[in-house]
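Shared between the two complexes below is subunit A, which has subunit B as its partner in the first and subunit C in the second.
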Partner chain A sequence: MSATLLGQSILSGIFAGSLYALIGLGMSLSWRYLRVINLAHFAFVFFAAYLTYEFAGVRGVNPFVVALALVPLFFLLGVLQQVLILRFSINEFSSIIVTYGLAIVAEAVIQLIWSADFVRYENRAMHGNLALGTLLFPVADLVMAGIAIGLCFAVWAALHFTWLGKALRAGLDNPQIAASFGVPNQRLLLLVAGSAGALAAVGGFFVAVLYTLAPSQIFSWLGVVFAAVLLGGLGNPIGLVAASLLIGISEAITMAVTAPSWAPVVPFTILILLLVLWPERV
Partner chain B sequence: MQGRNFADATRRSMLIAGFGLTLAVGALAPATAQQPSGPPIRIGGTLALTGPLAQTGAIHKIVGDLFVEQLNKKGGLLGRPVEWVLLDDQSKPDVTRTLYERLITVDKVDLIIGPYATASILSAMAVAQRYNKILVHSTFGIPKLATYERQFPGWPLGFEPEKGMPTAALDALNSTGKGPKSIAIVTSKFPSVQFVAAGAREVAKSRGLKEALYLEFEFGTRDFGPIAARVREADADFLFMGAIGLEGNQLLEALEKLNYKPRNHFYVYPTPGPMASSPLGDGALSNTAFENLPPLNASPSAAAFAKGFNEAAAKAGLPYTEPETQAGASWSAWEILTGAVAATKSLDDKVLTEWLKKNGADTIIGHISFNGPNNYGPDLMRIKQVQKGKWVIIWPKDIATPGYSPQAK
Partner chain C sequence: MSISMSSQNIVPARASATRFVVPALLIAATVFFVMLPAFKPPPFFESLLYLLFFWIALATSWTILSGFTGYFSFGHGAFYGVGMYTTANLAGTLSIWWCLPIAALLAALLGVAIGAVVFRVRRLRGELFALLTLALTIVLATIILNTPIDGGPGKYLLGVQLPVIYENSATTIYLMGALVAMGSLAIARWVQYSRLGRGLFAISDDEDVAEVLGVPTYRYKLLAFAISSGIAGVAGAVQAVFVSYVTVSETFSGTIALYVILMSVIGGARHWLGPAIGATFVTLLNFTFVSGDSALAARIVIGLALILATLFLPEGVVGLFRKRRLAHVQPALEAAPAAPPVPPVTLRGAGVAVAPQLERKVILRGEGISLAFRGVQALDRVDFEIREGEILGLVGPNGSGKSTLINVMSGFYKPDGGRLLLDGENIARAPAHHIAQLGIARTFQIPRPFPRLTVLENVMVAAMFGGASMRQTMSIVKAREMLAFVGLAERAQALPSQLNLHQRKFLELARVLASDARIVMLDEVLAGLTPAEITSAIAMVRRIHGGTRTIVFVEHNMRAVIELTDRLIVLNQGRLIAEGAPREVMDDPAVVRAYLGAPDAEG
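And then the complex of A and B:
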C-alpha cells in the first residue's frame, strides 16, 4: 500500500468523521440537556437536505441563501417539537418511539413530495479540489469538515464560557436551585431544542451537497452517529469530534488495508471495547 | 450472447414478438369499445412501496397501474374486469411472505404476480409453491435459486447471468479493438450482484485479463473515498462494478474527488437516471432488457407502452421517466400472465403453467421461452452505454441503437 493511498484514505476518514460529528452534535445536545433521544433529528437532516435540493438545485436560489434561510426555519421546528414533547410529558425512553414515529412520518411526507426516486443537487459552488503534494482535498468536504469541527468547538465554548452555557449546566444539575438564581430553565431548554434543529439544517445542507438523496436513506447514518455520540459523551462536543474522527479514520483505514466490507464493524467494535474497558465513560 | 447468428436470431425474435404481441393485444381486445362485465379477476401482489427498495418499487407500481388500466379499457380479461390487489411489502422479504399468504388464503385472489427484488420474489415463490400457484415475476436476479416449477421469469437474463453479463461486456469492448488487458472488480455484497461479480472474476481469468483489484463492500456503504483510492491505485483498463442502485454513482463521485476517471466501466444494476444524467457517467456500460429505443420500441405495443410509461412516470414525479429494464421486465411479467389466461381462457394454475412451458410468451422484450433450467430460456439481455448523456444499446451489434456502437478507451 502506497503512502498516497493511506494518506488519501485517512483524509476521507476525516471528512466522513466530520459529517458524523455535524449530524451527531444536535442529537448529543438533545440527549444530554433535554433528555430526548431524538431519532427525528435524522429526519430533520434529510428534510433540510431535500429543501436544499428543491430551492438551490431545482429553483436556482443561491445555495448560501438557502442555507441561511434553513437555519432559523429548523430552529423553529426544533422548538415546536420540544413544545410538543413537553406538552405530552414524554420521557427519555418514550422519546425514542415518539421521535422514531415522527421520522417515519417525515419519510412518508418526503416521498410524497419528491417521490421515492433518487434526486441529486448538482452543486457547482463548492466543486473541485485542492492539491497538496499527492493528496487531494475536495472543496465541499473541506468546507463541511471546517464548519462541523468549528461548530463543535463553538458549542463547547458556549457551554463553558458563556452565562447561557453555565446556566444550562446548572439547570441540568439542579433546576430548582438554578431557577432561584434566575435561570429560565424552560426557555433554555427550548433554546437547546432550537439549536439542535438549526444544527440539523446545517447537516442537511451538506448532506445535499455531498450525497444523492432518497427518502429511505434517512437512517443511513443512525448506527454510526449513535456510536459517535455515545463514545464522545453526551453533550460533549469535543468528545464527539474526537469519537467521530476516530470512527471515520478507523473505517477508512480498514477499507484501505483490508476488505471494505469489514468497515461497518469498526464503530461498534470500538463502542463495545469502550463499554467493556471504560464503562463509566458511556 | 455473442455473434451474428445470435444477433440475427435476436432481431428476428424481436420482430416476431412484436408482430405476435400486436396480434395478442388484438386478441385481448376483440371489441375495444366493449366494457368488461361480471366479477373482477383479482390479481394479487406486493411491491416495495416503502423502504430501501421503494425507488424501484415505484416503477413497478406505475407499470402495473398502467397495464391494468389499458387491459380494462381493451375489454379486460375473459370479458371480465381485472383488479390488481396491491399491498406494500415495505421492501422486507418476511413481510412479503406474510402478505402473499394473506392474498391467497384471506383475500382469495384468482392469480398472483411477483413482487420486486430477488429476496422478496424468493419469499413469494415459497408461498406460491405451498399453494401450487403460478408465479410470474419480473426481476429475479439469481436464476439458480428459482427451482419452483410454476415460476416464470419476465426478465430473460438467461440461466447464468454471472457468465453472460461479463462476457457480453468484454465482447462489446473487444469489438472496438481496444479490449482491456486488466480489470478491477469492485462489488457490493448485495446477493444478486455479488455472484455476478464473482462470475466476472472467472470470465476475466479465462480470457487472460490481469486482475488488478477485487474488493467487496457492504450494501449501504456511504463513504466510497478509500475504495476510490484503491481503484485509482490499481488503475485497471476496465472497472467492473457489482453495483446496485446508486453505488456506481457514489464510486464515480468519490473517484472524481481524486481526479480519476475509469477508462472503461460497467455497472451490473445501476439506477439508470442518475448514471445517464451525471457527467461522470459518460461511457458507463450496463445491461438492459428494454429501452425506449429502436429496434426495441419498434412494435406498436412497445411504443405505446413507452409513451404511456413516460407520461405516468412524469405524473408520478419521477425524475427519470424513460422505461428501461425494470419497467420493461415488469410489463413483460404482466403480458406473460394475462397472455396465458387469454390464450387458455382459464385461471387454473396448472393449465396456465403447462401452456407457458409449451408456448413461451410474446412480450415487448421479445419472445421469452421457458425451456431451459428453472424455466429460464435464452439470454435476451443487451449491453447499453451512456453516450452523449443518454443510454443507448451498443451490443449485440445488430440490435444496437442505429448510429451507435461500443466506445472504449
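And then the complex of A and C:
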C-alpha cells in the first residue's frame, strides 16, 4: 500500500470517527447522567438531517440559519422526551425498548413525509477539497471534524470546570445529598437531555451534508456508535473522541487492506472484547 | 384457550384438568393445521398462516431465553441466520430433513458458545448482554458475507427438492412451518413449568439469590440459550426454503431481532403463550396494511404498542389476565392479620440444656479464611468451627466481617486464601449452588424474595434446588408446610411486595427451612423489627433449631444473642478475637475494647 493511500485512509478514518463522536456524544451523556440508553437519538439525528435537507436543500434557506434553528428545536425535543421518561420512571433497561418504539414511529413518520427513497442534500457552501501535498481534505468533513472534536472538548470542560458540571456529577453520585446542598437535580437532568437533543441536531445537520439519506439508514451507525460510547467510557467526551478515532481509523485501514465489507469486524470485535474482559467499565 | 390457561399459571400446582387440556389443545391445533390443506383453502391463506407460524416460532424461541431469564438478546437474527444459511448451503446436496436438524444443532452450538463466554462475566448486566448479542450478530454477518458461506451476492435455493405431501411443494413449507410453530409452543410451555423454567424465572428475578438457593444458574442459562437458538435455527432453515433467496443484509438486519422482542413484549415475555399472541397481533397488522401509507400507519401502531406495553403492561397482554386474578385474590389477603401469630413456644432460659460442647461433631471448619476487597482486609486468616446441632453466635461491630464470612460460607464470595471443610470436603471454591445443594442455606439481612414469584413459589424454588432437591410436586407440599410453620400459609398466593418487613423475614426463614439445610445461617434476622416482633422471631429461631439443626446466628441484638446461642465467635476488623460460651466471651476485655474502643493509654 502506498503512503498516499494509507494517508488518505487514515484521514477518512479520522473523519468517520469524528462523526461517530459527534453522534455518540449525546448518547454517552444521556446514558451516563440520565441512565437512558437512547435509541431514539439516532432517529433524532435523522429527523434533523431530513429537516436540513428539506429547508436548506429543497427550499433554499441558508444552511447556517437552518442549523441555528435546529439546535433549540431539538433541545426542546430532548427535554420533552426526558420529561416523559421521568414521568413514567422508566428504568435503564426499559429505556432501550421504549426509545426503540419511538425510533420505529419516527422512521415511519420520516418515510411518510419524505418517502423511502434516497435523497441527497447538495451543499454548495462547504463544497470542494483542500489539497495538502498528495492528500485531499474535503471541506465539509474538515468542518464537521473540527466541530465534533471541539464540542467534545467543550462538553468535557463544562463537566469539569463549571458549577453546572460539578453539580451534575455530584447529583449522579448521591441525588439526596446533592439536593441538600442546593443542586436542582431535575432541572440539570432536563438540561442534559436538551443538550443531547441539541447535539443530535448538530449531528443530523452534518449527516445531511455528508451522506445520502434514507429512512432505512437510521440504525446504520447504531453498532459503531455504541462501540465508541462504551469504549470511550460513559459520559467521558475525551475518551469518546479517542475511541471514535481509533474505531474510524482501524475501520478505514481494514477497508484499504482487505475489502470494505470487512470493516464492521474491527469495531465490534473491540466492543465484544471490551464487554467480556472489562465489564465494570460501563 | 388463552384466557382460561393464562390465568392458571400463577398457581404452581396446576389443576390436573388444565394439565391435560393445554397439551390436548396444542395437539388438536397441530392436527387442524396439518389437515387444513385438504380442504383447499385459498393460497394466500396458506402463506399468511405460514408467516404467522414463522413469527410465532421465532418469537417463542426468543422468549425461552430472553423472556424467561430476563437477558434480552438483540441478536436473535444470528441464530435464525445460521439456520437460513445452513439450508442455503446444504439443501442442494442434502435432503431438507437433514438440513433442519443440522440447522438446529449449528444454531444451538453457536448459542452455547456465545453463552459460555458472556455468562462467565460475573453480574453481566442486561444492557451489556443486549449489546453483546447485537455486536456478535454484526460480526457473524460480516464473516458470512465475506466467506463462501454467502460470498456477497446472496444465495439462491433453486435445486431444493421438497417432498410433495398435498398437491404442491409450497404446502409442504406451510406444513413444516405449522409443525415448527406448534413444536416451539409445546417446548416453551414445557420449559415454563419444568424445573428448568422455575430456575429461569428465579434467575430473572434475582440471579444471585437463585444461585444461593441452589439453582445452577450458569448451566440453566446455557441450556435455555441452546433451546432458544436451536428453535430459531430450525425456523430459519424453513424460512430459507420459503423465501428461496437468502442475503446477508436481509437475514441479519436488525429488524428480525427487534421484531421478536416487540412481539414478545407486547404479548408477554414471561409466559409461553405471550409471544404467540404478540406475533399474531403484529403479523396480522402488517398483513392487513400492506401497501404504502397504511403500511406506515401499521408501523406507527406497532411502535406505539411497544411503548405502551412497556409502560403499562410489563407482563404483556398475558399479564392482563394474571393481574385480574391477583386483584381478585388481594382483598382476601388484606383482610388477613398483618402479622402472623406468635408461634406457641415455651422459651427456655439461656444456658439451660446446652449440650456439652466438646462432644459435638464439627461439621464445618474454616481454616485461615482471608478475603480482601481493593486492599481492605475484610477477613484476615479466620479459623473457626461449626459443630453439629449448635446455635453459634457470630458477632462483632459493624464492618467487622460477619456478613463477609456468611457470604464466603454460602459461596457468594470466594476467599483469597484458606480452606472451608464441610465433612472434610473443601468447598471454599465451590460454586454457590453446589454449596446450597450440600445443605448450607442462608437468609439475607435485607430480605431478597423473588419479587415476581408468589410467596409459595419463592419457597418452592428453595425446596426444589436446595439440599432437599425435591421434585416439583413434592416441593409444593413442602413449601406449604413451611409457610404454615412460619405463619404465612394464608399469604401463599401473595406477591412479596404485599408482605411487611416482618413477614418478608419469615419468608426468608421458610425458604431456608424448605431447603432442608443442615446448616442455616441467619444474617441479622432481627434488624428492623419491633420489640414484639423480635420476641416472636426469637421463638421462631428456636423452633427452627428444634434442638438438632445447626444455626449460625449473626446479630447485633445482645439480648437475643445471649438468650439463643450456645457458643459465640467474635470478629473485629476481619480477625477472630474471641470464641467460647456467650457470657464469658462478652466479658472478654478484647471484645469490650472492640465494641467500646480502647481505654486511654494511661487508663
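One rule holds in what follows: the second predicted complex is superposed on the first by the 275 of 282 C-alpha atoms of A that agree within 3 Å, B and C clash if a C-alpha of one lies under 4 Å from a C-alpha of the other, contacts with A are read in each partner's own complex, and residues count from 1 in each chain.
Rule of thumb we're sticking to: contacts are C-beta pairs under 8 Å (C-beta built on N, C-alpha and C of every residue); 3 or more make two chains touch, one makes a residue touch a chain.
The structure displayed is predicted, hence computed values, not measured ones.
> After the match on subunit A, would you call subunit B and subunit C a fit or a clash?
Subunit B/subunit C on subunit A - steric clash.
> Determine, under the contact definition given at the top, whether A:A259 touches first (subunit B), second (subunit C), both, or neither.
After superposing on A, A:A259 lies in contact with both subunit B and subunit C.
> On the A-aligned overlay, A:E251 touches which partner chain: subunit B = first, subunit C = second, or both, or neither?
The answer is first: A:E251 touches subunit B but not subunit C.
> Report for A:A108: first if it touches subunit B alone, second if subunit C alone, otherwise both or neither.
both
> Jot down the residues of subunit A that show up as touching in both complexes, subunit B in one and subunit C in the other.
Shared contact residues on subunit A: 107-108, 111, 259, 261, 263-264.
> Touching residues of subunit A toward subunit B in the complex: what are they?
Residues 2, 4-5, 8-9, 11-13, 15-16, 107-108, 111, 114-120, 129, 136, 138, 141, 211-212, 214-217, 220-221, 248, 251-253, 255-256, 259-261, 263-264.
> With touch defined as at the start, can you tell me which subunit C residues reach subunit A in the complex?
72, 117-118, 120-128, 130-132, 134-136, 138-139, 141-143, 145-146, 152, 254, 258, 261-262, 265, 293, 296-297, 299-300, 302-307, 310-311
> Touching residues of subunit A toward subunit C in the complex: what are they?
The contact residues of subunit A facing subunit C are 37, 88, 90, 92-94, 96-98, 100-105, 107-109, 111-112, 219, 222-223, 226-227, 230, 259, 261-265, 268-269, 271-272, 275-276, 279, 282.
> Show which residues of subunit B lie in contact with subunit A when the two form their complex.
Subunit B residues touching subunit A: 49-55, 57-58, 91, 189, 215-218, 220-223, 225-230, 233, 245-246, 249-250, 254, 257-259, 271, 273-274, 277-278, 316-320.
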